[in-house]
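This is the structure, below, for whatever I ask next.
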Amino acid sequence: MENKKVEEMSFEECYNELEETLKAMEKADVTLEESIELFKKGVALYKRCKFLIDSASLSVKEVLGDLEKEMEVDEDDMGR
Amino acid sequence: MQTIEMGVAEITKRLISVIEKDQIFQNITVRGEVSNFKFSGPHAYFSLKEEEYLLNCVMFNAIYRYPSGVKDGTLVKASGAIKVYPKRGTYQLYTESIVEGKDYGELYKKLEQLKIKLKNEGIFDKVKKEIPRFPKKIAVVSSRTSAAFHDVVKTIKKRYPLTTILLFHTSVQGKEAAAEIVNALDAADRSGADVVLLVRGGGSIEDLWNFNEEIVVKKVYAMKTPVITGVGHEVDTTLVDYVADRRAPTPTGAAEYATPDLLEIKKNIELSFSRIVDDMDQKIDESLTSIERSKRRLDFLSPKRQISIKEEKVYEAFSKLKGMLDNTTREKYNLLLRNFEALKHSKIVRTIELVPERLDSKMKMAKQRMSNEISQKVLSLEKMEMSLNAHDPFEPLRRGYAMVFKDEKLVKSVYGLKKSDEIKLKLLDGKILSEVMEIEENGK
Amino acid sequence: MENKKVEEMSFEECYNELEETLKAMEKADVTLEESIELFKKGVALYKRCKFLIDSASLSVKEVLGDLEKEMEVDEDDMGR
Amino acid sequence: MENKKVEEMSFEECYNELEETLKAMEKADVTLEESIELFKKGVALYKRCKFLIDSASLSVKEVLGDLEKEMEVDEDDMGR
Amino acid sequence: MENKKVEEMSFEECYNELEETLKAMEKADVTLEESIELFKKGVALYKRCKFLIDSASLSVKEVLGDLEKEMEVDEDDMGR
Amino acid sequence: MENKKVEEMSFEECYNELEETLKAMEKADVTLEESIELFKKGVALYKRCKFLIDSASLSVKEVLGDLEKEMEVDEDDMGR
Amino acid sequence: MENKKVEEMSFEECYNELEETLKAMEKADVTLEESIELFKKGVALYKRCKFLIDSASLSVKEVLGDLEKEMEVDEDDMGR
């Protein structure tokens, strides 16, 4: 999984990788350089996660918005 | 099944109401042979018998109205109402009139014999055919002008006008009638009718005799089309009734059996229709309810909640990431600062601060030591000088003495000196070179 | 029987079919689409039944040998 | 059934699919991406179901409306 | 490790070397000349460490700064 | 050791010799001539020590001064 | 020792001889002649001692003077 590009990861892959990164950072013997690299990776993963969540949220809103609009139209049409 | 429990009064009242509700019981003529006839006061008490069956009868004030020829063994027709006598728990015919019957003994006997014969032939075991519910054609075997036919038409017109009545006219009375009836039945059977009604109004046993004729009975038995008989009144039973597929008490009854009731049919149709509409509405409502329930579940399960949970988790992870890095950097920075302090206060720094002073003080000590030594030695020398001066042998010269030297030797005595010897006189402030001129010895 | 046109059905067929239709609709596993079809059919059958009843008039014929003769039945005449 | 287009599904197919979709959504291990896909599918199925019911309801009303009009005419004709 | 140039050392190498140097400086038998050499080395190591940690801090700030900017843009785009 | 030229001595040698010299001066039986010689030697050693420590101090202070200046600058940069 | 020439004597030899001489002079039975001889010797010894101590003092002063001058120069150089 480590070899997969961040931009190609699914949310879960990305999130798990983020958690792994956190674990790696918590290790006692991590060097400053590794810390920085891990941090940058973490930020990239965070951005990807955030992007995927925002996209998901948007598409859910769209779907729900469409649904509600249609429902209203339907109710008008039906004149119940 | 649970047994229903009731008191005698209640069961008796129930029986009374059942019996009194039936109009037949309330106005009936019963045929039978009189037995046990007796008076008690003005009232007559007797029984009517037929075969092994028996009916108790009472006629109040019988002495005024009963036919005098009536006695045990007389065939009579007694009319009245069947009622329960609650005190004894019996039922009896409360007789209003008695008519002395003809002696049909011969005919009845013939009837009984025929009945037994046909029974033995198995004719009466005939499997009954089903009467179609919605007959398209109804064949009626009857007399064109009879009340029975008119009753049938009237009843069918009222109940079920969707059908066609085919009349097969026949005379129903007289000696020739039996063969005519058989022919009419045969024609009706071939007519394609769904049901055949064999009907005739009421009459005496003789009037109805054609319907007990063997050829008629056997024809009815052989009919392919279902046959409903309606001969005479309720009480009249003829042998055709035994082989009919359905036996009605009257011609009107036969018409009723042959047709469905249109009112009921209409009711059924309306009912079916409204049930279909209701079922449809229900189906739509159910479907709507189902999918609305699904929609609520869909709303509930919508990823919105999942998304906000995940968003929070991601943000938490990110905060942790930042915090961890801050910690790491700060920790390392603090360690580094400590090292900076260690460097600032390292031994070398201490050394360069302390050593010059220590060196200077050492130098100062050396200097002190040196100058002390010298001044001490100078002091001791001064003392030496003083003590040297104190023992200066030339001190007396200060007081005016002089010292005499000859040949650089101190002259302490006149002896050893002679005239003209060169001597030196040493005074405080100089020397005098002199010649001895005279020598005097002390005391001489 | 299912294939016969409603307009050609006899009352009996029509009536029975109506009952059958109701029974079919009341089955547990009937689908919405089937329900609608059954409903339409039911309505058509209902109309046909009603029509047949409303337009019915009793025909009385006397059969004389091979002849069928229409009889006039006057209720007043009958009127016992 | 999975391969059938939503627009070609019958109400029952659609409804069962919707229920299956809901069940799938309830599973604990569904990923965000799956969740979104399932949700979209669910909404589409719901819309189809609603459409089919509305159509059914409409055609029932039409049929009954026609019937009523006819009945009135009939009653007028009959002059009851 | 002793032979590695200070400018090529990682933070941890540098830091450990610094600690070693500090220990060496405090030894009783160290000469003044050695002391001075150790001191200079110590300071050089300290400066390297400081430089590395400052660079790290800076690059983290950059990454975070970029992230914040991006997030703002995203939120604007999203029109929340 | 006694034979080494003062100018070639290390700080520690020099310092120790100085101490020895001072101790020798304190002895009771030292003659004036010896005293003078010891004193002269002590002065020479002192001068050498002073020279060495002053050089050391100079270079340490330079290094420290530079470092502290840098620290101030850094702290300004960091804006902590 | 008695035979050593005064001019060759060290300060301590000279000083001790002087002390001996003075002790001899203080004896009661010393003759004037002896006294004169001792006195002359004492004076010679004293003079030698005085010369030696004055020389020593001078050379210490010289050394210290040089040192001070040097130190001042150093301190000027140091620019304290």
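For clarity, chains are labelled A, B, C, D, E, F and G in written order, and residue numbers in each chain start from 1.
By our rule, a contact is a pair of C-beta atoms (placed from the backbone, for glycine too) under 8 Å apart; a residue touches a chain by one contact, two chains touch by 3 or more.
Every value quoted in this text rests on a predicted model; they were computed, and no experiment measured them.
*Asks:* Sort the other chains by how far their Cα centres are from that of chain B and give me the top one.
*Replies:* Centre of mass proxy via C-alpha means gives G as farthest from chain B.
*Asks:* What are the two chains with the top count of C-beta contact pairs?
*Replies:* Chains B-C share more contact pairs than any other pair.
*Asks:* Just grab the chain with the largest centre-to-centre distance to chain A, centres being mean Cα coordinates.
*Replies:* G
*Asks:* Please compute the C-alpha centroid of chain C, do the same for chain E, then give the distance between them in whole Å.
*Replies:* From the centre of chain C to the centre of chain E is 102 Å.
*Asks:* With chain centres defined as C-alpha means, what is the inter-centre distance between chain A and chain G in Å?
*Replies:* 102
*Asks:* Could you tell me the distance, in whole angstrom, between the mean C-alpha positions of chain A and chain B?
*Replies:* Comparing mean C-alpha positions, chain B is 38 Å from chain A.
*Asks:* Check each residue of chain G and list the ones that touch at least two other chains.
*Replies:* Those would be 11, 53, 56, 60, 64.
*Asks:* Give the residues of chain B that touch two or more other chains, as numbers and ranges in rising order.
*Replies:* Answer for chain B, listing residues that touch two or more other chains: 277, 280, 284, 287, 302-303, 307, 310, 325, 329, 332, 340, 343, 348-349, 351, 370, 374, 377.
*Asks:* Applying that definition of touch, give me each pair of chains that meets it.
*Replies:* Applying the touch criterion to every chain pair yields A-B, A-D, A-E, B-C, B-D, B-E, B-F, B-G, C-D, E-F, F-G.
*Asks:* Sort out for me which residues of chain E touch chain A in the complex.
*Replies:* That would be residues 10-12, 52-53, 56, 59-60, 63-64, 67, 70-71, 74, 78 of chain E.
*Asks:* Which of the residues in chain F come into contact with chain G in the complex?
*Replies:* Where chain F meets chain G, its residues are 31-33, 35-36, 39-40, 43, 46-47, 50-51, 54, 58.
*Asks:* Provide the residue numbers of chain F that touch chain B in the complex, in ascending order.
*Replies:* Chain F reaches chain B through residues 15, 18-19, 21-22, 25-26, 32, 35-36, 39, 42-43, 46, 49-50, 53-54, 56-57, 60-61, 64, 67, 71.
*Asks:* Which residues of chain B touch chain D once you look at their complex with the stated criterion?
*Replies:* The contact residues of chain B facing chain D are 277, 280-281, 284, 287-288, 290-291, 294-295, 297-298, 301-303, 306-307, 310.
*Asks:* Could you pull out which chain B residues touch chain E in their complex?
*Replies:* Against chain E, chain B makes touches at 322, 325, 329, 332-333, 335-336, 339-340, 342-343, 346-349, 351.
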